[in-house]
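The same chain A turns up in both complexes below, where it pairs with chain B and then with chain C.
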Partner chain A sequence: MFEARLVASATLKKVLEAIKDLLTDASFDCSDVGIQLQAMDNSHVSLVSLILRSDGFDKYRCDRNLTMGMNLASLTKIIKCANNDDTVTIKAQDDADTVTFMFESKKHDKISDYEMKLMNLDQEHLGIPETAFSCKIKMPSVEFARICRDLSQFGDSVMISCTKEGVKFSAAGDIGSANIKLTQTTNFDKEEESVIIDMQEPVTLTFACQYLNSFTKATPLSVQVQLSMSANVPLVVEYQIPDLGHIRYYLAPKIEDDEN
Partner chain B sequence: MNPNGICDKLDVAPATELPPPKVKRRLKNNRIINDDILNNTEKSNHKLTEFFPVRRSIRKTKKTVLEEKQKFLEEALRSGKEDGLLIREFDGKGRGVIAGRTFFKGDFVVEYSGELIDINEARLREQKYAQDQSTGCYMYYFKHKNQQYCVDATAETGRFGRLVNHSRNGNLLTRTVSIDNKPRLVLIAKDTIEKGDEVTYDYGDRSKESLKHHPWLAF
Partner chain C sequence: MGILNLAKLLADYAPQAIKENEIKNYFGRKIALDASMCLYQFLIAVRSEGKQLTDANGETTSHLMGVFYRTIRLVENGIKPVYVFDGKPPDMKSGELNKRMEKREEAQKSLEKATEAGDEAEIEKFNRRLVKVTKHHAEEARQLLTLMGIPYIDAPCEAEAQCAAMVKAGKVYATATEDMDALTFGTNILLRHLTYSEARKMPVQEIHLDLVLNGLDVSRKEFIDLCILLGCDYTDSIKGIGGKRAIELLKKHRSIETILDNIDKSKYLPPEEWNYEGARKLFEDPEIMDPEKIELKWNDPDEDGLVKFLCGDKQFNEERIRNGAKKLMKARGTSTQGRLDGFFTVLSTNTPKRKVDDKKNTPNKKAKVGGGRGRGKPK
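Moving on to the complex of A and B:
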């Protein structure tokens, strides 16, 4: 038996918004630890890694490890049926081929049940090593979303270079070029608005805008975002989900081939 | 749409390269497209799988495990190799076989090899052997697919199987395996067999006649 209860269904909506741009289907792995998801997009350029810890739920029970393969379009349809302040309970039997979503209204006068068929997805799991990154940049998530949106008008790729002076985002294309520089905030009054750069070594990497824009769909989940970079390894874009877990996006850099 | 539309889409030129003026661009349209394709390969999207290894479960399904075991057994039988066994002389019961290494439960230990004969032939031979006291009992009767067979290992062959002694609480089990549509007898470890232990199995013969001639069958 699997059962997970979350008071704010709004969080679940936001999580779904954050992944449905990149993925069409996803396997949710449920265990004692919580609900986990790891999946690559169709092109295998980016990866979503989500964890919703069991202690973040109001009630969590998972007798046996369970993998629930879901079509995200169908899941979206169901989650849309919930009001933002509804309590949501996710239920499944062991070895079940369906999952039930129960929404309870705040006044407890309305209960809706939605049952969804599960899918058997044969998905590849990647082993992601724990690495120490050369640069870690914390910045307001809204700011990052804005930068990605603005720069994608200029080109398909954005170059992120992090030095001790600050972090520079640049893009260039037919209409010209764009550069956005952020310096570390000296004023720490408002933590959520600060830019914090933790740099061991300067790094410059280029990424496809399209994926970065998809990642920023997670902006409503968190006020801050953390970018972690090292030379020639994938970028990690991490959003904390308050009291519940985090969502991490991995993006392979665009690499220049030296032979030419 | 302007004819350069295609260029715009493909264009991932490095930041420093300014787009050429419009007229030139049209003239050099072909060249530019080629350049763009080149640039695309120069700074291309890489896959995450190039950075992170795909985790594959090393766990196998029960069926696969059984198939592998069967394959391994067949290979061992075909090759006729008998590793990890030693012959030792025992007081009172003659030669026996001891384990030269540890065998684990379910491991193939040795084949009871000999001449596969049918039941009628076995009866004739049995009568012949009964006349000579020096021949031991090397006739292994068994049933395979509802047919009675016998493996006659009376003749000295240098193989180990025929020398394995009897014990009612032996540490080996007999199985029949079909190879090239012929049944073969294999002795499998019933439990973990430590190096130096004598390997034995239950001959299963408790008939009065046999007990009279071979009283050790009772133990």
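Moving on to the complex of A and C:
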């Protein structure tokens, strides 16, 4: 028997928004630790790693580990049926091929049940090595979303270069070029508004805008975002979900063709 | 053409080996294309009002149209194509080639009849059957590819065999052809429908040989025997043994020799002087060029050369050709998107078990989207 209860269904909506651009189907692994998801997009360029810790739920019970394969378009349909202040309970039997979502209204006068068929999905579990990153940048998530959106008007890719002066985002294309520089700011009153750069070595990497823009769909989950970079390894974009877990995106950099 | 009914057999017995993918997911991959297959496709498919495109002198240009635009489409999707042309056919293929010649003659006769009767639909049907890729077509395609900066290779013998060798040597990622015998030659990854027109919205079918062998539960040697039993281009097969029985027999006896020792020969008569050993040898050790010696190089397109070649007698539209050349050029300038596969290691693959007899579990993607399947095996 699996049961997980979350008072704010809005969080669940936001989590789904944050992954449905990249994935069409996803396998949620449920265990004592919580609900985990790890999946690459179809082209194997980006990876989503999500954890919702069991202690973040109002009630969590998982007798046996189980994997629930879901079609995210179908899941979205169901989650849309919930009001933001509804309490949501996810339930599944140990060997069932369906999962049930129960939404309770705040006044406890309305209870809705939605049952969804589960899927059998092929999936690969990837081992992600621990990397000591050369640069870590913390900034307001809204700022990052804005930068990605603005720069994607200029070209398909964004170059992120981090030096001790600060971090520079740049793009170039047919109409011209764009550069955005951020310097370290510390705002002790409002820590979430500051830009913090932790740099061991300068790094410059290029990434596809399309994926960065998909990552920023997680912006409503967290006021801050952390970017971690090292030369020749994937970028990590991390959003903390307050009191519940985190969502991390990995993105393979663009590489210059050396053969031609 | 290829192996009789192998695609169908795989769909039934090893559905997990067949994946469908969008063309844009192959960016950055080097892919070997079977040139004769492509040219044939283009001669059949690239038509206007049922007739092949021709230049001022009545010479066909459908194949050039196809090579030009479909190659640009591949390049725009970030794919690095290399075309592989057939060399001389192996001696053992003469039987098959004679059969094709007979069919062609038949079609020619039917065409004459249809022309007499004035039956448009029939005329078109037999016209298509008469399509043949000539040396001249291939030569023009080579010229065009050189101008486009796309490499090509002249295989000493069968193109599929050469492609397979290149995949095995890691020179290219996959072989693109419709012929299933590329698998028999040992290509690890076979792509089908890659050069179909965009308008058909056909996803690319990706077939993995290791998953095929796994799904069928046979070794590579046994797989070759299975293909010979199903019917290949190089020798006849036993009458009355189709896909289902072939796989049953092979799983039981594990080789053509033991099958021959055990079946009722009055019921299933093997062909006279059946040279299955020759065919087997051809699949195992085909005549190829050493893939290590092949150097693949993609160059800048020669815009003026293309215009000169295509827009003179061949009457292509100059503006379109120049645009095409610019597209090729642009695609060369951009950096390639990396993949995560190289950075992370696969810890475990959880491939759900599918039962062969379960109708729902055939690799029909539509069924998958509907989400009507059973849940994954609990750990």
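Just so we're on the same page, the second predicted complex is superposed on the first by the 255 of 260 C-alpha atoms of A that agree within 3 Å, B and C clash if a C-alpha of one lies under 4 Å from a C-alpha of the other, contacts with A are read in each partner's own complex, and residues count from 1 in each chain.
Simple rule for what comes next: a residue touches a chain if its C-beta (ideal position, glycine included) is under 8 Å from a C-beta of that chain, and two chains touch if they have at least 3 such contacts.
Please read these numbers as outputs of a predicted model, since none were measured by experiment.
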| item | value |
| --- | --- |
| Overlay on chain A: chain C relative to chain B, clash or fit | clash |
| First (chain B), second (chain C), both or neither touched by A:A172 | first |
| Chain B versus chain C, judged by how many residues of chain A each one touches | C |
| Touching partner for A:M159 - first (chain B), second (chain C), both, neither | first |
| Touching partner for A:M40 - first (chain B), second (chain C), both, neither | both |
| Touching partner for A:K181 - first (chain B), second (chain C), both, neither | neither |
| First, second, both or neither for A:A208, with chain B first and chain C second | both |
| Which superposed partner A:K117 touches (first chain B, second chain C, both, neither) | second |
| Against chain B, colliding segment of chain C, chosen among 40-48, 328-336 or 364-372 | 328-336 |
| Chain B and chain C footprints on chain A, overlapping residues | 40, 43-47, 124-129, 156-157, 206, 208, 233-234, 250, 252-257, 260 |
| For the chain A and chain C complex, residues of the former touching the latter | 25, 27, 40, 42-47, 64-71, 74, 94-97, 116-129, 156-157, 206, 208, 233-234, 250, 252-257, 259-260 |
| Contact set on chain C toward chain A in their complex | 16, 21-22, 24-25, 27, 297-299, 332, 334-352, 354, 368-369, 371-376, 378-379 |
| Interfacial residue positions of chain B with respect to chain A in the complex | 7-8, 11-17, 19, 38, 41-55 |
| Complex contact set, residues of chain A against chain B | 40, 43-47, 124-129, 155-157, 159, 170-174, 177, 206, 208, 233-234, 250-257, 260 |
